[in-house]
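The two complexes that follow have subunit A in common; it is paired with subunit B in the first and with subunit C in the second.
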Partner chain A sequence: MKFLSSLRLTVICLTFLMALVFFTTLAQVNVGVLEAKRQYFSGFFVWKSVFGVTIPVFPSGIVIGWVLFVNLIAAHFTRFKWGVDKVGIWLIHSGLIVLLIGSACTYYLADETQMVLPEGQSATYSESQQRLEVALIKEVGDTHQVISIPYEVLKLNKPLSVPQAGIVVIPRVMYANSQLLTLPPDGTIAGLMGIARQLQVREIDVFKKDNFRNISSVYLEVLDDHRPKGVYLLSNGIEVSQALALESGNWWISLRAFRDYNPYVMTLKDFRHDVYPGTQIPKNFSSQVVVTDSKTGQSFESIIYMNHPLRHQGKTYYQASFSDNSTTSILQVVHNPSWIFPYLASVLMGVGLIVQFGLHIVKARRKKS
Partner chain B sequence: MTWMTSRWVQWGIACIAVGLIILGVAKSFPKSPVNLDKASQLPVLHGGREKPLGAVALNALMVINGHQEVTVKGKRIDAMTWFFDMVAFPEKANEYPVFRVYHPDIHAMLGRTLEDGKYLSFNQFVPHLIKIDQEYAKISKIDRNDRSAYQRALAQLYSQLRMYAQLQQSVSMGKGVVSLEDIGRFETLSQFGHALVEEGGVASLTNDELEQVGQLVSQFKTLQQLDADALLRIVPSPQGWISFQAGVLQSLSSHRIHPVAFGYASLVQDYRKGDGVAFSLHLEAITKQVSPISPRISLEYWMTKYPFFYASMIVYVIVALGILVAWIKYDALIPWMYRLTGVTFFVHTFGLAARIYIQGRPPVTNLYSSSVFVGWAAVLICVVLERYFKNSIQLLIAAIMGFVTLIIAHHLSFQGDTLEMMQAVLDSNFWLSTHVITITLGYSAVFVLGFLGHIYLFKSIFTKTFTQDDESSLYRLMMGVAAFALLLSTIGTILGGIWADQSWGRFWGWDPKENGALLIVLWLAIIFHARLAGMVKGRGVAVMAVFANIVTAFSWFGVNMLGVGLHSYGFMDSMFQWLIAFVMIELIVIWIGLAPKRMWRSQL
Partner chain C sequence: MAVNFISLSQRIKDKDPQGFLISYLQLVVAGKPLTLPTSDVYDTTKSAWETILYGVPGGYSSLFLIQLSNIWLKIVKAIPESSHPEFARRVLTYLETHNLSELAIPASEKPKPKGKTHHKGRPVIDHLDDHQLEQKIQTPTAHPTLNSALASPQASAYDSVHTGTLDFSKESDNDIQLNQALHAEDVDAFLMSVLTKSLYQIKPNIPMSSVMDIIYYQWRDILMTEFNQVPSERFLKLLSKRWFNLMTQNGLPNSRDKIKALIYIVQKGGGISQQMAGKSMQKKRSWWQLFMKALTGCFIVSLGLTSGCREKISTYTIPKEPLVTDVSVMASFKAPTGQEALPFKWTVPKNWVALAAQSSFDRARFSVSVGTDTVTIAITSIAGGPPDLLNNLNRWRGQLKMSPATQADLNSSLKSIQLGDFPIYWVSLSNGTEGFEIAILKHHDENWFFKVSGPHAAVRQVAPQLRTLISTMTHQHSEASE
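Coming up: the complex of A and B.
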């Protein structure tokens, strides 16, 4: 207990954390932010290959974070003393606790997606940049029934039942990143159906840079009411949906970016991309959007531009990018229920630091006089 | 010599000395019949903002040549002369060795070696332009960070050649040097075209008239192309600044060529003839047309002519040397150095304020201005501390910080316009003046802390006169500055997080620059906790303070250089080597600082 609340442990943890932050920064020369974060902050250890053997070389950021958190809490119960001259210290450290809780919440709860909006068009959903889903779509009257299976739940050779469609799916081969070649299949997988009959999949190394998109592919065996229906090739590199005639009706199946549907429609009226005269330096990007509630039909207009996001129903829309000769706007959509934590922490720590520094100066002056 | 100890005399002499240094480094124009000083004040639009022509010429030369003057056959040519030579005497100027090329592979491509000289003229590139174009087309597809040193050098050369060609065409109708006859003919042609349209058609034209129509059309196309490619916009119009060519094209709609375009063509001709009187008259006419000239432009002209930061840099060196001499022998020098620092700080402040006014932005907008500001704030912190502690240590740190940051800024200024327009995402004066300023002030405070650490180690290891009292006062000073640095860095980092949350929706994105700021905060926190835990005392804090210099240098400059290899060329690359050298020196200082106490000369 004594060690757990000791300052020595704090110093060790902070030093480890500093090293981790430093290496995360250096790693970004070769890999993207997400990959760097994964290498140094997730799991229990940082793994490195030494003479061909992968061994844990360092505790991970998450572990250090938790130890620091426990250390800080323990210190509050054992070492910290109350007193007027300690108010600043208390504030700073409670701000730190709020910050740590906030980052844990963000880590588990926050979700980022993108909405791609060409001028004059509308969207009811935003798409994830990382996560994929297997989508099953059936026409019901003039609307659609959509079944979404998050790609993460698919496990190699593990049957997964989809009761709404009355089927069981079994992933037979999975590729984290692949190339699709228009060649006849080599025959290693029997019972191919749909587009799988015209393509070969070649596995390639997973891209670790942020701006490269991995093409995930899966050979999915479908059992319709326990009868083999065949093996379908799904990939986010295939743009079209494939027909799937089942007992429960005619479905379309595809692997696509995970979609997050909204109870409102967003329409892009105008996208502007201004540059300073005579240069290519962007002066401003802005999207003029109309948001219409799907149920009530009520609508309002808003302009989203740099440093001015739109917050609506728990989601925040940021001007992120554009394409198609500045006629399509790309909005970053962030859903983070714990967004308030860093603000709270900032106030606590900021006030704490100022109070403590002020006390420091007052004390020094008193000593002098 | 009692008058020499009078405060006012000392202030007065310090002012005169600094004034003389400013006059000494001021840009001068050669004694030539044409008044280039006046011409350098002409307002033009370049890089999205209005600025004096002199600043454009100087910046262009600095970017291409790496110097503020070009040396041709032992003769020095200033930027304005170079610019006018380029436009009015292309046959001569294209032979000036202005392009600085470091990379041996580029020399090899041109069929020469680096030993033949690193400066090349435009004409030396002419036979290879197509090849350079093709190479660049390939390189432009490669991500900036993935380019090799050669590829970076070639891309840089390409943009420099392009800029040169664009500047040369600033006052051009397409072929050769612009002449008044060309302009007059185009005006006549466009009037003829007008008459034709009004008469209602081209049905019955004589051969002669047909040829005129053909000339008009081809000249129109050339002018349009030049206009689309123009780097400088020198003609004011109700719709904002337009290029010279657009000013000439105006005669199509209004029968008349824009008088400013005409004026510039005349200037070029006068310059070519060496006719100073006509040059001045035409200059006067243009000035009347572009008046009123905004005070920002006039101020920038003065800033270009009198390099205040450069002058300050020189004085800081003098102060640093003066203090060292004072410590060794002449104590009486200290008050002089104090006054000199005060006056220089005023000049430094004036330069900073002028930049704020010209740009209409908070002081820190890019790496260059951060360097100027870090130095300024460090000097301010030191001068304030000096008033309390009066031991001239802070004065030495002020001088060193002032000198080092300004020389870095001086070298950074060769990368282009230091008052460039802000990218959309940075276009927020609120965050620029809160987050950026606090972070940068934090850098200043950490560097002051780091140098205090140096002084602590130096005095305790190498001098015998370092007493227990000196030690504890220096130690308290270090902790105070460290607390100030921690305050600024933490608040600055938090504000950065809030800005990121406002503009990208995430408080923390693991961006290298964010991480750099966090490293500083963590290291300062480590210093405080280690001291509290009794793991370090005065000497340990001093050693850690020196390491804080490394952390800050990394987070300030290092993260901007990620991906830059050791074997590279060009500016940022040589900066990288300086950074490595700095880190090495600091590591040696730390190593010396860790020497066992029995080896210390002081009796602590």
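Coming up: the complex of A and C.
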């Protein structure tokens, strides 16, 4: 307990954190931001291969963050005593605790997706750049019933029950990154169905840089009420949804970027890519959008540009990119339920510092007088 | 006795502060360049006399310094300030006509105090400190506990100290008490003795910190060096905890007033007595253990949640939306962003195999087999101004592990040619084993790159096919207008 609340532990954690941020910054040059973040901040340890053996070399960012949090809490209750002259310190430390809680909440709860909007078109969903889903879609009247199976839950040769569709799926071959070749299959996998009969899959090295997309592919065996329905090739490089006739009805199956649907429709009225006169240097990127509530039909207009995101129903839309000769806008959609924490922490720490310094000034003046 | 510095040393040795002052003032009146403290603040006066005594041969006791300072303060308050020799003369007269020996009686020779109001038996030091205490009471400090100790109505801190179980006027008694407290591991009794002892020291040897770790190690050092005791871990912990509580509640004992107030607080049991400290620690520990267990649990659960919370099969209903269900191979390949159409139309050589896009810059991707080798053709576009040819050339040379090119190299390796409707730049690069054939095309505000990569010989064979593809290229919109 003594060590847990000690200042020594705080210093150790802060030093570790500094080193971790430094090495993550270096790493992202080679593997990109997301991969560097995954390697250095997720799990319990940072793993490195030393002479062919993968060993933990450093505690991960999330572990250090937690230790720092526990240390701060322990110190807060064992060291600090309540007193009028300590109000400032209490506020500063409370702010720090709130900041750490906010960071943890962001880490666990926040999600980032992208919405691609060509001018004049609408979208009801945004797509994840990292996560994939196996989508099973069934037509029900004027609607689509969607079953979303996160790609991460698929494990090689492990049956996964999907009771919503009354099937069991078994991934037979999985590729983290692949090339799809327009060649007939080589016959190594039996019972191929759908587009698998027209393509070959070649495994290639996984891209770790941010602007390269991995083409994940999986040969998925489907059992409908324990009866084999065949092996389907699903890949996020294939746009097509393949037909799947089951006892529970006719479904479409595909592997695609994870979709986050909204209860409103966003329409891009105009995208502007202004440049400084006589140059190609960008001056302004902005998206004029109309948001229409799907239930009430009420709508409002907003312009999204640099440092001026649109916040709506817990999501924040930032101007992120564009394509197609500046006719398509790409918006970054951030869903972070803990967005208020950093603001709250800043206010607490700011007030704490003012109070603490104020008290010192008052004391010093009293002493002088 | 002739008045000189030797006589001053003798006065110190005789423990005669009044005699010392008389001798010293005689030197001042005789014209010696000596200083005289003029402040009526105790600490300043004491500090000034400390500096003066430092220049006198032989040592001096802290008690002598305190007594000297006390007498001087009395004099300074009694005699109005005037010019230096005149002031010295007047003080000298005052000293010669007044007997201040009562103030100079060493503490150990005084009768024991009896009862709360027995002021005669106080050590000299405390006589004037009462005045300071009064001042403190009139100007409350920021520490409520300390302040209440200083301003205690039923008895002053001083009185409380003197009515306690310890007789602080006898240092030897105090040492005995201190050793007994150490032996019995009685934290409060030990602190009482140490704090009392500190009152008579110029630099009290007590931890001046409110950080638990520092307190712990400082107490350990003090006990080992000052008292030649190797304390038990339990006693050391209890002592540190008690001191920590006292420091956090009352602030550091950086003045005599605060030390005295601390003695009062410890004597009154303000806060935690030894037994109470043990109980409270035990109670606190169990509460802490529970709290820390809960936090650790949160940590483990949250780590599990990291991977677990997003791994659930979910079902939802959406308005019907168009689905691509054409299973013909080319239709099934996803466009790079899934949205846009290509601004060009081209004829793909028959032996080229279409591949899925691998980055957001990819507009099309193919592979072609040449013997046992495979060559990749990537068509990418990047928005921006005119292409930075030298930087791009060096990027490609870097990919082939070739040394960077200069502007002269660029001019020699870059060919400007017309293929069909389009003026393009053509670059050929090879490191002997691997090679690139690259066509660069500027179209509106986008730069298009057609890159053939693979084994050098195979790339050379595929290059003419790329030229053919570019030659067949037409604008999509021009066809539409036709």
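Convention: the second predicted complex is superposed on the first by the 341 of 369 C-alpha atoms of A that agree within 3 Å, B and C clash if a C-alpha of one lies under 4 Å from a C-alpha of the other, contacts with A are read in each partner's own complex, and residues count from 1 in each chain.
Keep in mind that, in the parts below, a residue touches a chain if its C-beta (ideal position, glycine included) is under 8 Å from a C-beta of that chain, and two chains touch if they have at least 3 such contacts.
Since the structure is predicted, the reported quantities are computational estimates derived from the model, not experimental observations.
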{"item": "Combined model on subunit A where subunit B meets subunit C, clash or fit", "value": "clash"}
{"item": "First (subunit B), second (subunit C), both or neither touched by A:V334", "value": "first"}
{"item": "First, second, both or neither for A:Q130, with subunit B first and subunit C second", "value": "neither"}
{"item": "Partner chain in contact with A:T316 - subunit B first, subunit C second, else both or neither", "value": "first"}
{"item": "First (subunit B), second (subunit C), both or neither touched by A:S299", "value": "neither"}
{"item": "Which of subunit B and subunit C A:N157 touches, first, second, both or neither", "value": "neither"}
{"item": "Which of subunit B and subunit C A:V116 touches, first, second, both or neither", "value": "second"}
{"item": "Which of subunit B and subunit C A:P277 touches, first, second, both or neither", "value": "first"}
{"item": "Per-residue contact with subunit A, leading partner among subunit C and subunit B", "value": "C"}
{"item": "Which of subunit B and subunit C A:V84 touches, first, second, both or neither", "value": "second"}
{"item": "Which of subunit B and subunit C A:N250 touches, first, second, both or neither", "value": "neither"}
{"item": "Colliding stretch - subunit B into subunit C, listed as 145-153, 217-225 or 523-531", "value": "145-153"}
{"item": "Subunit B/subunit C common contact set on subunit A", "value": "6-8, 279"}
{"item": "Subunit A-facing residues of subunit C, complex", "value": "142-144, 211-213, 245, 248-249, 285, 288, 292, 295-296, 299, 302-303, 305-307, 309-321, 323-327, 329-335, 337-340, 343, 353-361, 367, 383-386, 444-446"}
{"item": "Of subunit A, residues touching subunit B in the complex", "value": "6-8, 10-11, 14-15, 17-18, 21-22, 24-26, 28-29, 33, 36-37, 102-103, 106, 110, 112, 275-279, 281-285, 306-307, 309, 316, 318, 320, 332, 334, 336, 339, 342-343, 345-346, 349-350, 353-354, 356-357, 360, 364"}
{"item": "Subunit A-facing residues of subunit B, complex", "value": "45-49, 145, 230-231, 233, 240-241, 420-421, 423-425, 427-428, 431, 476, 480, 483-484, 486-487, 490-491, 494-495, 497-499, 501-512, 515-516, 518-519, 522-523, 525-526, 529-530, 532-533, 535, 559, 562-563"}
{"item": "Residue ranges of subunit A in contact with subunit C within the complex", "value": "1-2, 4-8, 42-44, 62, 66, 69-70, 73-74, 77-81, 83-85, 104, 107-108, 116, 118, 124, 131, 137, 139-140, 142-150, 152-153, 162, 164, 179-183, 194-195, 198-199, 207, 211-215, 235-243, 252, 261, 279-280, 294, 322-326, 328, 330, 363"}
